Amino acid sequence: MKKILIGIICCLFVYAFHQITHDKKNIPQIKDVLIVGTSADYPPYASIDLKTGKIVGFDIDIAQEVARRLNKKIEIKDMPFNSLIFDLFAGQIDMIAAGLTPDERRKKTVLFSKSYLDSDPLLLVTKKENPAIKKLSDVYGKPIAVNTGYTCDMYLSTIPEICLVRLESTADALMALQADSIYGFACSQSSLHLFLKTQKKEHSFQFFMLPTQSDSYALAFAKTNRQLQAQVNIIIDTMEQDQTLATLKEKWGI
Amino acid sequence: MLSLKNISKQFHHKIIVDNVSFSVRPGEIIVLLGKSGVGKSTILRMLTGLESYDTGSILYNEQPLQSNLVGMVFQDFNLFPHLTVLENITLPLQKIAKKSISDSKKIGIDLLTTYELAAQANIYPQSLSGGQKQRVAFARTLAMQPTIICCDEPTSALDPVLTSKVAQEINKLANQGLIVIIATHDTELIKQMPCTIYLMKHGKIIETATSQALADNPDMFPDIKNFTQGGTSDTTYI
Amino acid sequence: MIDFNLLIEYYPLLLQGVQLSLQIAFLGCGIGACVGTLLGIVLSGNNYLAKLFAQIYVSIIRGTPMLIQITATYLLLKISGVPISALWSATISIGLNSGAYLSQTILTGITSVNKGQLEAAKTLGFSKAQTIRYIIFPQAIRTVLPNLESEIVTLIKDSSLASTIGVYELSNQGKIIISQTFDAPTIYFAIALIYLIMTTTITILMSLLNKKINYHAKS
């Protein structure tokens, strides 16, 4: 008798599991919540406010504006960067707002909106006491740090003469630079923003602009979600026109 | 009436029990006599359900013997070391016989008193002497009120004085109507109990005698006589 | 070198991380104890097929890094669309991992109980379940308990691996603070100290618990 009962319970579990796993479909559904995925480790785009514990940032503000103009509530999901595209693909989030640069490789798997920010120059940061850099070949053979997966990583990886040191975050790279364990750090200007704002040491660094196009940022959607892409593109245009974008850029010092 | 008919067991071509048959009436004491390894313990284990048998049948009052009628006192006593002496007795009473806590305690204390162990009720078995452990083992088995009680080498750890006490105890149990089956090679023990002796060798019963008949006329039972006198020559045996 | 003002400002955040780390460790150990007991009972039994499955499971878990197990479990759950949070995914995979290791201790604990006692239990009429509950378990627990204690300490440290799937346990909280304050030495010092305090406290508490249990036991 007990065994029959256990058997029935097991069957129920299997059934429930099946229902849960086959419920989510990849077709975007019209609902009143915009689920936004982010990786809160990239100030000023998305980071955790240490005082309040909330997720804040330029991208977060943009996402909230988009949701507001779409007449939807917003739900922000924070996760490791590598999980973002995965969740988008699985339909667990509708949009990625995480300082994502639209590059050719990513365009194969996701749809991008228009960029809401471009002309963010890529810089090479070195200590002031080192000789000024006139061209990229000046640092051939020296250890240069980049953040794994970021635009500078993609760009400098194509140049074999550069000794690339991949580090996880901006903070790691800047601390390594200060400790002289690397010679230079290549990143976008905006990612230096927090450091320059809070630390007094910006005068001990010099900056060289990398001879490549500036960084741009856009929101990402699932490949099947052309509808949302179109809607958001319109909203970005509107935000550009009514100066909302400009206000936010100023707010975040971009 | 307990009857074993044609019980045999083989293990990997080695014959452990070879066509053993005997019957016991309530109040009788049976002794399975023989050297170590002849199969006497195995027969006890078959009666308690610890061991299976290949052929034959074990019947009690014409019905297949149910293991809850049989109790066993082990050679190593096998008391539960994490329980006190009293708990060793009350736990089975509570969990298997479903007696209440107060009932089981009463039964336990009564039994321990009979065995002069009431003072040791809350002590752990490790602190007891061999003889005391023996009595606790008996008490624990008897608390479950078995109809048949099997004792495996009950006196192997005991001196002659304690052996006598065990004999007395077993006689008492038989007088209460229990069937007692003992596996032993202790001839001193047998002399003190009225019993039926089955001498075993190589899994077979080779000679039978009642203790009375043996005492009156030992020469009628040469093998048993030889065994009890410590004979070593194998050629006497078939 | 160590900025204590920074610590005073950010210790609440670190404490949030501590809470998650402890939660993962204790719940993981709980899951591990259940899984380990189940495996231990199977491995000590006679069912050949069940034993085989148990042995394969234990081999796989013990033969792969916990880091991979955590990320693989998380990904698998995501692929199947199961809506589970990173915290629970990490807790479950840490628990399953712990169970495989604990099963060996529990197996030892079970088999250390004298076979004669099991036979005595059987002849007295105990069912298999009753034998496990009243005879084996109370005795096995004495062997198993010290191992459970060291397992919790191990899991407190291993909970830091949950950071790879985004759980904001202690080490991850530290990373966030560092990424915005740029003061690694201070934060790493604080985190190391906190881990040390956690593990030492648990060790002391457990040895007190041990003394209490052994007080009632025989030699």
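Going by the order they are written in, the chains are A, B and C; count residues from 1 in each one.
Convention: a contact is a pair of C-beta atoms (placed from the backbone, for glycine too) under 8 Å apart; a residue touches a chain by one contact, two chains touch by 3 or more.
Fair warning: this is a prediction, and the values are worked out from it, not measured in the lab.
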{"item": "Any chain in contact with chain B as well as chain C", "value": "none"}
{"item": "Closest chain to global C-alpha mean, per-chain Cα centroids", "value": "C"}
{"item": "Farthest chain (mean CA position) relative to chain B", "value": "A"}
{"item": "Chain centre separation in whole Å, for chain C relative to chain B (CA means)", "value": "48"}
{"item": "Inter-chain centre distance, chain A versus chain B - centres from mean C-alpha coordinates, in Å", "value": "80"}
{"item": "Separation of mean Cα positions, chain C and chain A [Å, integer]", "value": "34"}
{"item": "Contacts with two or more other chains, residues of chain C listed in rising order", "value": "none"}
{"item": "For chain A, residues that touch 2 or more chains besides their own", "value": "none"}
{"item": "Overlap residues in chain B, where contacts from two or more other chains coincide", "value": "none"}
{"item": "Chain C partner contacts - residues on chain A that touch it in the complex", "value": "17, 20-24, 40-41, 43, 47-48, 50, 53, 78-80, 83, 86-87, 90-92, 169-172, 174-175, 194-195, 198-199"}
{"item": "Parts of chain B lying in touch with chain C, wherever the complex brings them together", "value": "48-50, 67-68, 70-72, 74, 76, 78-82, 91-92, 95-97, 124, 126-127, 140-141, 144"}
{"item": "Of all residues in chain C, those that touch chain B in their complex", "value": "114, 116-117, 119-120, 122-126, 130, 134-135, 138-139, 217-219"}
{"item": "Residues on chain C engaged by chain A in the complex (per definition of touch)", "value": "10, 13, 16, 75, 78-83, 86, 164-166, 175-182, 184"}
